[in-house]
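Comments concern the structure below.
A, B, C and D label the chains in the order they appear, each numbered from 1.
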Amino acid sequence: MANQSGIDIQYPKFGAGIWHFGRYVDRYATDGYGPPVTTLQAIERAGQVGELSVVDLTYPFDPPGLTVDEVAAALKSQDLRAIAVTPEIYTRRFSRGAFTNPDPQVRRAAVELVSEGAEAARRLGCDYVKLWPGQDGWDYPFQADHGELWRWSLDAVRELATAFPDLRFAIEYKPREPRNRMVFSSMAKTLLGIEEIGLPNVGVLLDFGHSLYGGESPADAARLAISRGRLFAIDVNDNYRGWDDDMVVGSVHLTETFEFFHALTDAGWDGVWQLDQFPFREDSVEAARAGIRVMKAIHRALAQVDRQALEAAQRAQDALGAQRIAQKALLTVMGEE
Amino acid sequence: MANQSGIDIQYPKFGAGIWHFGRYVDRYATDGYGPPVTTLQAIERAGQVGELSVVDLTYPFDPPGLTVDEVAAALKSQDLRAIAVTPEIYTRRFSRGAFTNPDPQVRRAAVELVSEGAEAARRLGCDYVKLWPGQDGWDYPFQADHGELWRWSLDAVRELATAFPDLRFAIEYKPREPRNRMVFSSMAKTLLGIEEIGLPNVGVLLDFGHSLYGGESPADAARLAISRGRLFAIDVNDNYRGWDDDMVVGSVHLTETFEFFHALTDAGWDGVWQLDQFPFREDSVEAARAGIRVMKAIHRALAQVDRQALEAAQRAQDALGAQRIAQKALLTVMGEE
Amino acid sequence: MANQSGIDIQYPKFGAGIWHFGRYVDRYATDGYGPPVTTLQAIERAGQVGELSVVDLTYPFDPPGLTVDEVAAALKSQDLRAIAVTPEIYTRRFSRGAFTNPDPQVRRAAVELVSEGAEAARRLGCDYVKLWPGQDGWDYPFQADHGELWRWSLDAVRELATAFPDLRFAIEYKPREPRNRMVFSSMAKTLLGIEEIGLPNVGVLLDFGHSLYGGESPADAARLAISRGRLFAIDVNDNYRGWDDDMVVGSVHLTETFEFFHALTDAGWDGVWQLDQFPFREDSVEAARAGIRVMKAIHRALAQVDRQALEAAQRAQDALGAQRIAQKALLTVMGEE
Amino acid sequence: MANQSGIDIQYPKFGAGIWHFGRYVDRYATDGYGPPVTTLQAIERAGQVGELSVVDLTYPFDPPGLTVDEVAAALKSQDLRAIAVTPEIYTRRFSRGAFTNPDPQVRRAAVELVSEGAEAARRLGCDYVKLWPGQDGWDYPFQADHGELWRWSLDAVRELATAFPDLRFAIEYKPREPRNRMVFSSMAKTLLGIEEIGLPNVGVLLDFGHSLYGGESPADAARLAISRGRLFAIDVNDNYRGWDDDMVVGSVHLTETFEFFHALTDAGWDGVWQLDQFPFREDSVEAARAGIRVMKAIHRALAQVDRQALEAAQRAQDALGAQRIAQKALLTVMGEE
């Protein structure tokens, strides 16, 4: 693609969690925001977006009998690749915890399900297995022995990373939801755990929205992980800073989204720009396109940033100067489309 | 019942939303936190609590064919009464809005569903019909003409209250969820709308948790509604102030829960003390008992409050003095049980 | 001024609170973020900005002896006009409350100070007297009789508005700070109070940041006030949604700031676009210029909005469509500068 | 002291930051919530409380000429000991940063001021030097090179801890205020930095309120620090979870305060229970007594906890059971006083 100036723009690869194209349910619309969607149907929708290169697949596939080969074929037919597998360790069976379930059998089942998912990931040639232990944590004061939950969490990840040394495991942290308080709740806490695990194939998936509503500056969190070689993947979306709204990228926090991608590219991080949106009431294909449209605009804007001036402003910690440079770059690009 | 001093304690009536005993689903545990529960099964569980007098029933009943008479019989067999009917204007059909749906046919369907629910409420001898238009609002900046949504909301409530002058309609406000931003979002905004509607049979259901995480002081919100004769009902629960966690009453904010009930009783409000808890991972009968246990302790504590001293402290706006009086009453009650 | 297309742009009038150019103090840098600044010095700085037409003046002036005539002369020399006077009913004397102080003498002193300020406003030809009772409210559970505080607040405003029928009084609401909970805490609560006061010369000053971190959609709050003829003035700034950070306009929430100004212009509201920023660590003249630069860009962007398309999208409550239209307008204008 | 059962209660040592007894200022009551208070006057007030054993002293002392010997004598006369010195690296000179100031001379001045404070701490026989770099961080997106701020922060602490190997340095983390975003923002991030520094005499001061409004579970944060031998000190207070309100201990979050102290004692942590309250509008001596009264009640309640039952409940992650045990202990204690 070429912009107005005729210069070819080399966009990054775009990706999406396959659940973006699935069926949303919540505690009120218990009949779902739409009809059920199988894995193959979701892959087809992902293909329809037209600009996605990769998807992150939840595991087990739906319906249960669906094989890795069938999924691989479906991906191929849509010109997609599986970047990751996300084992569903947060459904009913794991609702009182996966790696931290009080029942040792369920803890074992969680490790086994992830192992199965890892086998699938290996066969699909994924970049990483995503670990999102959303049910691991606690709801009430006094409910848990926090130290024990922490140890169990690290032990499970260590066991998995040791069992699959050829694969990479990316922990996606989140402050809360579905559990009121989650074990891997912030970038720093996750990195602390990873250092304690002490294996090279464990890293972090930074979800922009989780970081934002967790009170972090996502750009800061990204740099911290990159500086330790642990930023394995990112997800992007947006929210109102109080909850994981999983809105379309850039719909609320354009400037911080821009800052986040600036931090990534500035640090030489060249992974996939990946969507984790939940368009409950929108068409999921159109919502993905909307997110990509914004990411492309941001990518073009990054090329407009006067980096020397920005560095000078940051060296002086000059807020007004830095903002001016960023806005100048950001607010000139949408017209080129 | 008698306390240590041998004095009979006359507790208020306790109630619960029937969904307390239903099946919880969220966007992650899409297979539900437990198996499906029918209306009759939920009523039976409500009965098992042993201390509930009334329930608030969602409508339509589940399964669809279930009649008002069957429900009435089930309630009677459990020594329960229906205090309210809550029409489900927040399921898939209404996911883009009930009274504010962009499609006039859906808006009509919402009014019709509430009307059906109101008929059922009338036959069940309920105190009020609850209106909880949880899907009415917007998600994104620029998405909506806020003025139009406001008018549609008031028009629908006015139409319903006019059509059923013998019934009372209680609007339950909530800042957000499932919609990112809801039309009836706060006590003051709801009262403003009610004044504009101008009918005597429209009031407010104050949910303690909604008020708390909406940044209100629930005691203040309650007094405001009472002063205008609009506090039709209350729901109680608890949360971490960032989301509607619907935790067990008093589990986090004991003091403000105590203040809330003090405000109610002090103002002579004598309605039902009603639970709206979502014990996702707990036994629902036990969770209801836990909430009632706390409410009973609070009720006993209210009798311990040195009201004259508290009034003097409040007249002087003496924070330390008022807190001391409240804590003295609150922190002595559990042993009496 | 003319833009690239050679079309004259008629910007709105810009204004600022005079405190923008004053000296900031907080509880840590108790020696101030800079040296003291007198009223006349602050006016001079406001003049240096070069694009301000009006200022909102705190009263009493500093130093105490400074006369209205001297202030008027200083304003004139800087080509500025006083749009409002803000009586300082939140300093030490009023730290336990102004209109709601437990001491009747202090309550009286608050009304008297506002009256003095109103006289000054009259002589200066202001548009309104701003009421910001920042110390009116409570800090602790159980501390206050909320109903009494509410009545006292309304009584005081009613008394003032009755005493000065030729002036307008604009209540600036805020959820909290300096008081942990404030009486006039939201748009709806303030409108509810204003309706109860029942006088035509009482309205609201909507501070964008207060609305935002109070959980409102500022565009929605603006429309509600306008629909009742009560939006007397606005202040703009930005924050991280958890506190009144008073950052430079548009630095965090560009899209919602744009939506806010769109709502104002769409409703035909043509008041002053006024800054309430606290650039603690920045040059205050430069910070004001930065805010105005963003507001001018937003103003130009408003002209780019495809209003017919936006109306259609809003009628359909089409989030993706509406966002696309808004972004298209917003993200093309900064380059024209 | 003996309780109702005649058993002697051995309370922990209580302490307070000396600023508790100072003069509060904020950006509105710029004339202060009361008259100025010197260090010696504050020490006298601390002594009046009657139950404090130690204080944490800000440095430089006020007025500037006051010597360590004079302070030591004043402490002795009040039967107090200095547990810590807190160098004031957050006043005007450091308002754009202390360890992270863009100006290397100011960074140097910060290290020098802390060094001076450390000398004073050594002479006073303190347990630790508190590092609270409240101005270190950033306000705006794009303002800072986060990696550089992180390195500068660690370098400064490492330099200090190396220069004073006989002293301990406790970093007090805080999410924000006065800076919009602070470098040492959470327990995990601070521990991550401390591990990187790699010296034994650097640890954490956990402020309960900072942890709470930062979204942590303070009990969890405490255990994490203890497990790594880094919990050097604690401060307690309370807030509404959105800001560092520094309210009286237990005034809002009784249960989580109780859980926090339970976690400390359960882990064998036996440090000072220390107040960091800002009673802007209350008598500071009375406010300290109120906080201690609550802490003593909590201490007595801890003795009532059925630890075996609680352990069993926590092993089962039984929220209802654990809450019941905790409430039973907590809600029976005030009467014993």
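Note that in this section a residue touches a chain if its C-beta (ideal position, glycine included) is under 8 Å from a C-beta of that chain, and two chains touch if they have at least 3 such contacts.
Keep in mind it's a predicted model, so treat the numbers as computed, not measured.
Chain centre most remote from that of subunit B: D (centre = mean of CA atoms). In this assembly, the C-alpha centroid of subunit A lies 39 Å from the C-alpha centroid of subunit C. Distance between chain centres (mean CA atoms), subunit C to subunit D: 36 Å. Shown for subunit D are the residues in touch with two or more other chains, namely 96, 139-141, 176, 240, 242, 248, 251-252, 255-256, 281, 319, 323. If you sketch which chains touch which, every chain touches every other chain without exception.
Contact residues of subunit C toward subunit B in the complex are 96-97, 102, 138-147, 150, 175-176, 181, 185-189, 191-192, 195, 214-217, 219-220, 223-224, 227, 255-256, 258-259, 262-263, 310-311, 313-319, 322-323, 325-326. Interface residues of subunit D facing subunit C in the complex, by the touch rule stated above, are 23-34, 90-92, 95-96, 134-135, 139-141, 176-178, 180, 240, 242-243, 245, 247-248, 251-252, 278, 280-281.
Of all the residues in subunit B, the ones that touch subunit D in their complex are 240-242, 248, 250-256, 281-283, 286-287, 290, 293-294, 297, 319-320, 323-324, 327-328, 330-335.
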